[in-house]
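Input: a single structure, listed below in structure tokens.
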Amino acid sequence: MRPATSTTTPQSVKPIYAIKLDVFEGPLDLLLHLIQQNEMAITDISIAEVTEQYLEYLNLMELLDLDVASEFLVMAATLLHLKSQIILPTKDADDSYTFRDREELVQQLLEYKQFKDAATTLEYYATDHEKVYGRSIDPTADVEDTREVQIKATLFDLLSAFKYITEQEFLADDYYEEIQEEPVTVEEKMEFLEQRLESGEQIRFDELFSEFASKLDRIVTFLATLELIRLERVVAVQSGHFDSIYLIKRDP
Amino acid sequence: MSDTQFQLVMDVASPPVHNPDEMRSVLEAVLFAASEPISLEQFQQLFDDASTWQIRQQLMQLRDEYHETNRSFQLIEIANGFQICTHAEYHPWIQKFHTRQIRVKLSASALEALAIVAYKQPVTRSEVEEIRGVNSDSVLNSLIEKRMVRIAGRKPGPGRSLLLATTDEFLEQFGLKDLSALPSLEEIEEILNREDPE
Amino acid sequence: MSDTQFQLVMDVASPPVHNPDEMRSVLEAVLFAASEPISLEQFQQLFDDASTWQIRQQLMQLRDEYHETNRSFQLIEIANGFQICTHAEYHPWIQKFHTRQIRVKLSASALEALAIVAYKQPVTRSEVEEIRGVNSDSVLNSLIEKRMVRIAGRKPGPGRSLLLATTDEFLEQFGLKDLSALPSLEEIEEILNREDPE
């Protein structure tokens, strides 16, 4: 976090605020922190006191040029409205329909606190479980090496593949508008790739598409790679999700 | 290990198993050679005609044997399966020896969103957002990417929003046998009071 | 995890070991969690004042215990170190288990073709080929073989090409209730275009 450079920081803002600022997950988290700091019960909040401190925080966040999420501002409006209701008893019922009333805010805080506590508990569980060790063996050891891309495919993989295709289509469309590039055929590219792989070199898939290559070159390279894989002259290997994909020459 | 994985049935010959002792030895060898939890159904595919009940019985005996012979490891139920793990007390020594498998690291906001999904599943994005009081899309996407949360269908009715639920990897990460092993809200209070005496 | 590293971090405090039984338990836990053989000298660094002779003595007792209790695994000396391994007789079972575990292996190109079939079904081979820009026959055949894709009739009109669609196994594999549960293009954007919250 950037240090406060402004000299106009209000005296009422204690330095501890600055340390705590970036850890608030949202307006409810901040509100909960203020309630606990003031040793209030959630069901018995002093709206006036909490609202004042809440606004001080927002003020500080702005002074520090922190990105204040819109949810924080909505909560500020809610608090100010609740405060005004206490000072000026409601005269116009229609006016308040967009705002939560106090009871609703209390319920939301109680529910949020429940899950925040559950999250803390889950963390304890993870920490406990981190102390036990399973067998750390290589699951492929001693089992037949199939040398195929072993993807435990999930819906997420499928979606990624689909998005990739739609982007490729888009790329191809772009290309047809500027055909003045020197032609490289898929066959030539295949030969070039095979030569590189001949030496036993592994090529990282994304490295094939260097940013200096032309769009045409990238498309041709992509098609050549797919063709080599289809013809089973090259195999693409990935050891796990999101790992890099490597191209390896298949044994004849 | 996920039950939704579709498995190819291969004709690999293996010797027949004649009695419970043999079955127990085979179960032990397979458990020992695995680095992930194994479900009863997965074990069942090893034997021609064994019930999951029979398999569980042998696993329970294995567990007792480890206990009685004071082994440093134990058989635990986790993520809808079984796994052999060391006892937690040996953590300081093992830690000296090897850098462990990298576990999924979750930020505080990810943990919060994950807790909501775990307890409210199946749940929509907007329900999570409502409880947290802050937009949770990016944190939920990151949980999906880390395989802690999965898309579990659609909510019936207008909008047909996607429903989110937790994965077996989630259970594994937090050392839970199954979803019913999640602590109840009363237990959470007890746990927090114990860990954080004020 | 083949890349387990032996990283001796000497400043991590571990409780002192007071007697041979404790030492043996620690040795067992460390052996259990390791994926590579461990030498006597490496073990020695775990304890403040143990001779390699004392350590070897405890390892030999461990070896005997495994033997006496008919464990499916054994302690062996290999590559100037010690390691716990399963007995060779269980190899067929372990092999069978792992072979059974081979999941439907979908290559990146298979996933691409499958995504097209899923979203555009019923679809012909040539339509898939057109979108992917490469001949997709073999990848589609392999998807049919893996029962992810089925032949769903013929297209009316000249040619009467075969129409392809997804199967129930496809839905099962991807945890979808039915085809309407497939995320829409907008939802895909939403799920994949995340900004990393960390």
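In order of appearance the chains are A, B and C, and numbering begins at 1 in each one.
Here, a residue touches a chain if its C-beta (ideal position, glycine included) is under 8 Å from a C-beta of that chain, and two chains touch if they have at least 3 such contacts.
Keep in mind that what you see is a predicted model, and the values were worked out from it rather than measured.
Looking at contacts between chains, the pair that accounts for the most C-beta pairs is B-C. Most remote chain with respect to chain C, judged by CA-atom centres, is A.
Separation between the centroids of chain A and chain B, computed from CA atoms only, is 24 Å. One simple way to say how far apart two chains are is to compare their mean CA positions; for chain B and chain C this gives 15 Å. Touching two or more other chains at once are residues 5, 32-35, 84, 86-87, 90, 94, 98, 101, 109, 144-145, 150-151 of chain B. Chain contacts: chain A has residues 133-139, 142, 152, 154-156 touching two or more partner chains. Every residue of chain B that touches chain C in the complex is listed here, in rising order: 4-10, 12-15, 21, 25-26, 28-30, 32-35, 38, 42, 45-46, 65, 69-73, 84, 86-87, 90, 92-99, 101, 107, 109-110, 137-139, 141-142, 144-145, 150-154, 160, 162. Contact residues on chain A toward chain B in their complex (touch as defined above): 23, 25-29, 69, 71, 75, 108, 111-112, 114-126, 128-139, 142, 152, 154-156, 241-242. Considering their complex, residues 133-139, 141-144, 146, 148-166, 168-169, 172, 223, 226-227, 229-230, 236, 238, 245 of chain A touch chain C. Within the complex, the chain C residues that touch chain A are 1-2, 4, 29, 32-35, 91, 94-95, 98-99, 102-109, 111-112, 114-116, 118-119, 131-135, 138-139, 173-176, 183, 185, 188-189, 191-192.
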